[in-house]
Amino acid sequence: MPQDRYAVIISNFGNRADRFLSGYGEDRRLAQLFEAAARVEGLSGVEIVGTWHITPRNVDEIRALLEQYNLNLVSIIPDHFASQVYSRGAFTSKDPAVRARAIADTKEMMDIAAELGCDLVNVWNGQDGYDYPFQADYLEERAWLVEGLRACAQYRGDVRLSLEYKLKEPRTHSYLGTVTGALLTALEIGSPNVGVTIDVGHALMAYEDVGESIAILKRAGDKLFHMHFNDNYRLWDDDMIVGSVHTIEYLELLYWLDRTGYQGYLSLDQYPYREDPEQAIAESIQWLRAFRRVLDRVGMERIGEVLRVGDATSASRLLREAMWGTAA
Amino acid sequence: MPQDRYAVIISNFGNRADRFLSGYGEDRRLAQLFEAAARVEGLSGVEIVGTWHITPRNVDEIRALLEQYNLNLVSIIPDHFASQVYSRGAFTSKDPAVRARAIADTKEMMDIAAELGCDLVNVWNGQDGYDYPFQADYLEERAWLVEGLRACAQYRGDVRLSLEYKLKEPRTHSYLGTVTGALLTALEIGSPNVGVTIDVGHALMAYEDVGESIAILKRAGDKLFHMHFNDNYRLWDDDMIVGSVHTIEYLELLYWLDRTGYQGYLSLDQYPYREDPEQAIAESIQWLRAFRRVLDRVGMERIGEVLRVGDATSASRLLREAMWGTAA
Amino acid sequence: MPQDRYAVIISNFGNRADRFLSGYGEDRRLAQLFEAAARVEGLSGVEIVGTWHITPRNVDEIRALLEQYNLNLVSIIPDHFASQVYSRGAFTSKDPAVRARAIADTKEMMDIAAELGCDLVNVWNGQDGYDYPFQADYLEERAWLVEGLRACAQYRGDVRLSLEYKLKEPRTHSYLGTVTGALLTALEIGSPNVGVTIDVGHALMAYEDVGESIAILKRAGDKLFHMHFNDNYRLWDDDMIVGSVHTIEYLELLYWLDRTGYQGYLSLDQYPYREDPEQAIAESIQWLRAFRRVLDRVGMERIGEVLRVGDATSASRLLREAMWGTAA
Amino acid sequence: MPQDRYAVIISNFGNRADRFLSGYGEDRRLAQLFEAAARVEGLSGVEIVGTWHITPRNVDEIRALLEQYNLNLVSIIPDHFASQVYSRGAFTSKDPAVRARAIADTKEMMDIAAELGCDLVNVWNGQDGYDYPFQADYLEERAWLVEGLRACAQYRGDVRLSLEYKLKEPRTHSYLGTVTGALLTALEIGSPNVGVTIDVGHALMAYEDVGESIAILKRAGDKLFHMHFNDNYRLWDDDMIVGSVHTIEYLELLYWLDRTGYQGYLSLDQYPYREDPEQAIAESIQWLRAFRRVLDRVGMERIGEVLRVGDATSASRLLREAMWGTAA
């Protein structure tokens, strides 16, 4: 049976800033973020971010909040992007002390995750990249990246590291930019507890077909560890409500999640700058459920048949039927 | 009542080439193209292309084919893109003789259109642009463009000229690239029989919201003269089956066509390289009809309300309900 | 003689944030920003931003700083993007009180500009747009935009309003997105004191050839009022050092500024997230000067000749010679 | 010493078509293509394309032409893109007979290459991909791709297969789309004679920094087998003259070719639709030589230093000095 469990990065309920306006919403205390998550029908898991939400000093508070609101901890996301110390790179900083700290921070978050009964650390090292031509020694920095991540992976095999790729932002170029780039790095690290996170918006921004990205990770030995959901206009990480822009591609990627036996959470990662965050997250869950019902209407077998034939007009007919039935 | 009349550029049924492969399908005689159009359920109009389909010498043949297959002539598209003489520009060629010929050809097609009872000439001057920096004198060439089109427009006021914009291809930059660029040129020409064609794929490629583009032309005094339909991945003019990639944006643009009282045809302009052309066109019509039914389910009033409020989560709910009902 | 006067938006010297990291640099007091500007060789003008730098209460302070550091006030940029009140639109907010306030704020900034001897208000209404399909009533909101800007323009004819267009960010779609879109709006407003600002990065992001954009504004009657300079990778407003990515296109646009007799400042608008701001601005000025010297080496006449012929290989040869001489 | 050997795909001198216009130039016989190549100063190598130029029946003719014009055969490019049989895929066709033929054709070209003293077959399987969502069974087709290429690679170890990736065109999505995607496939094939071709334009279109792509292939064990050169506007494979758009990135990639010890040809792959092909190729060589001189002016050491520091403003200064000297 396909999974139908929804999670969220709890910062989605907090304030949202961009580079011009420091607060679209209002600041909220940690407990309020959990409270908001609990209010959204269908949410059963949360992801929390290092520095912003979790430090070694508030592990008990987090445990209590999880219990109080009956939420599972789906992942911890170490902060490699929101602290000034990492503003010029974390695992690939030119400064060896910063690189060491990135490793140490990640290990610390792995320990905390294990302590909280969570086996997944989602690594989005957004500052590991470069902005300008002639700014980076790609050979050296890529070596640092692999070594740093390997040190973390080998630190404890009971916690999985999932590498979240993104073509750009906050750097103009990220070292882990595409699904195959992230997978290549995961394979080079060579540790079974290293895999890849697909953020749907990041994949779209890299002109990936998300269904194909899922299949690529399946082929490499079940390397899809985690999924983040949102929507965008394909050119930037707009972090919008799921289904607000893309329909067909959401149907296709959910098919491939089922086909490849993905067992993880469907986790929301949005930036509802000008929306009510709870409603924005709730809407995404409703869209994902609606997409699932559309797929159920035709079933895996008939989709598989269409894929085997490869005729776009047959696929088109099947999709219309799936979406609106013959009478539609 | 919104219009529900479908047309096609008949070359869609002919052979398709790209720069690598000269024939994905098979060559077809003119009569076969009309025959194919007649076979597609729902098609009642055709557009034909100068040089490829129509010349002063075969007007009677075209008239006979239109009658035989009971098809309306929706527009003639003068050839400013497929002949070597225009390979370095038509209205903006550096060669005054070529510029004169572009004007003469267009007038000739206006005469033929009128003779065939059609009042629309669709101007897609795809070679009017440039490829390289430091290649074009933009001031001089833009002046030529306006003068040439004005000469055509003033030649006979009973035939409308509709300028079809496209950001690029076959040039890396076209002079008429965006909806506002085309409208600006139309306004500068200053003749009431000059308007704009929106090709949905071209608009998407220019990062336009097609609904907004329709509204922009409405505001300028009903300057939307014609619509071409197809789909793409937003970065290139892939000319795919309608609805194969975009759903929500098709719903939105159909709303705006109704809201602004568009009375023209919904005309298909695809490149079914690897598909059966008749099925590919038929599918597009089925999608357009399905989108219309979705819109009808909620009605203009409720959509108008949502637009007045501007809350993305309310719009999201309404769209889900429109697409799949409350029970979906 | 072509102009060679450089300015900067003084916030370039202050702190830089993005949506993840609230401070890449350090906060600086207003006086420090002026001090920094004064230290950069070649800078003779500044632009200041409403709310951030200028309010009715600190006009005297600004005047004193301008005098102390011997800097000209090139423009005031009213804040339509950095205050929560405008987070859902300024001139196009659904709330009439907000729209009225946007107009009032702009008029106030026009008054202050005049009081400080500056005749240019640069309008970058970055929040006037929309994020989602089915979120905006384009007809109504575009009417509000024109009415609001017209009210400002007619308020006092001795201050010019220059509309700075940008395809997107902070909204996924801006109402003033392209050079022709901004020009159309300026023409619809119908007041001689309304023109357009080209930000080079914004033009690149819209797939414009900046030289052509300059020519388009020239054709419309000297509607290029102001220029902002920075560089990017053509897909997002990266706000990098001038010349760090583009060379040829900078040469071309400077040619067109000279050719069309642009008399304004060359004003820097960057986001040196991870660089020393003073050096980043100084570098941009050095690149602009170097580009100018390259152009001087071949001269306007020979470039004009190449443009008249339109052969890309001749242009290529001339450019190489201009850049590196025959011996290069 | 860095290499300074230039080659060209000889079809660059022949006719050019796009999907609208079947002949921008004129058709030329095979001998004329070689003659043209011989006329371009600096060219010492050619690449030829299966079907278009080479078949088992004209091997002697090709050998004679190579000798007559004193040109080295740099690679053979099997035709997996220009024949109707492959229009729905070559190695990934749904038809097993077509897949078998793609393998057989490639082996045949490997034999011919060896016979002609050339050890490189450049595989650009442009039709291996898909156009529509729900059109391809990614798991099955990717398996076919790897198996097919592996069969070729193992057929004879004395001929190298170099996989040329491209994000899209002629399909909307290619299976080998990015540098890491191609490398992953090469590694999965697991044969030492399989590597990757970087086409600069393809890399730019995928938002790659070409220097980084070179470094990635170096890291994987000298997997950069071949380079194709041209230029574009970063969003499509415009196949323009080298240096006509990008300067800085060409400098950077040449640095990385030297740094990683690339020993292959610099081979031109352009589509001079509206230019004289010989001049267009000659210009590209002149630009590449000019870029090399710029790099020589500062030397590998100083560039290496700047990369180690990673400060964009220092890199900026060094580049200006390299390009135009301190006096510039």
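Lettered A, B, C and D in written order, each chain numbered from 1.
To be clear about the criterion, contacts are C-beta pairs under 8 Å (C-beta built on N, C-alpha and C of every residue); 3 or more make two chains touch, one makes a residue touch a chain.
Computed from a predicted structure; not experimentally measured.
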| item | value |
| --- | --- |
| Repeat of interface B-C, chosen from A-C, A-D or C-D - more than half of residue-number contact pairs shared | A-D |
| Farthest chain relative to chain D (centres taken as mean CA coordinates) | C |
| Distance from chain B to chain A - Cα centre to Cα centre, in angstrom | 39 |
| For chain B paired with chain D, centre-to-centre distance based on mean C-alpha positions, whole Å | 36 |
| Interface hub residues of chain D, defined as touching at least two other chains | 88, 131-133, 168, 207, 233, 235, 240-241, 244-245, 248-249, 274, 311-312, 316 |
| Touch list for chain C against partner chain D, complex | 207, 233-235, 240-241, 243-249, 274-276, 279-280, 282-283, 286-287, 290, 293-294, 311-313, 316-317, 320, 323-324, 328 |
| In the complex with chain C, residue positions of chain A that touch it | 16-24, 81-84, 87-88, 126, 131-133, 168-170, 172, 232-233, 235-236, 238, 240-241, 244-245, 271, 273-274 |
| Contacting residues of chain C [partner chain B, same complex] | 88, 94, 130-140, 142-143, 167-168, 173, 177-178, 180-181, 183-184, 187, 206-207, 209, 211-212, 215-216, 218-219, 248-249, 251-252, 255-256, 259-260, 303-304, 306-312, 315-316, 318-319 |
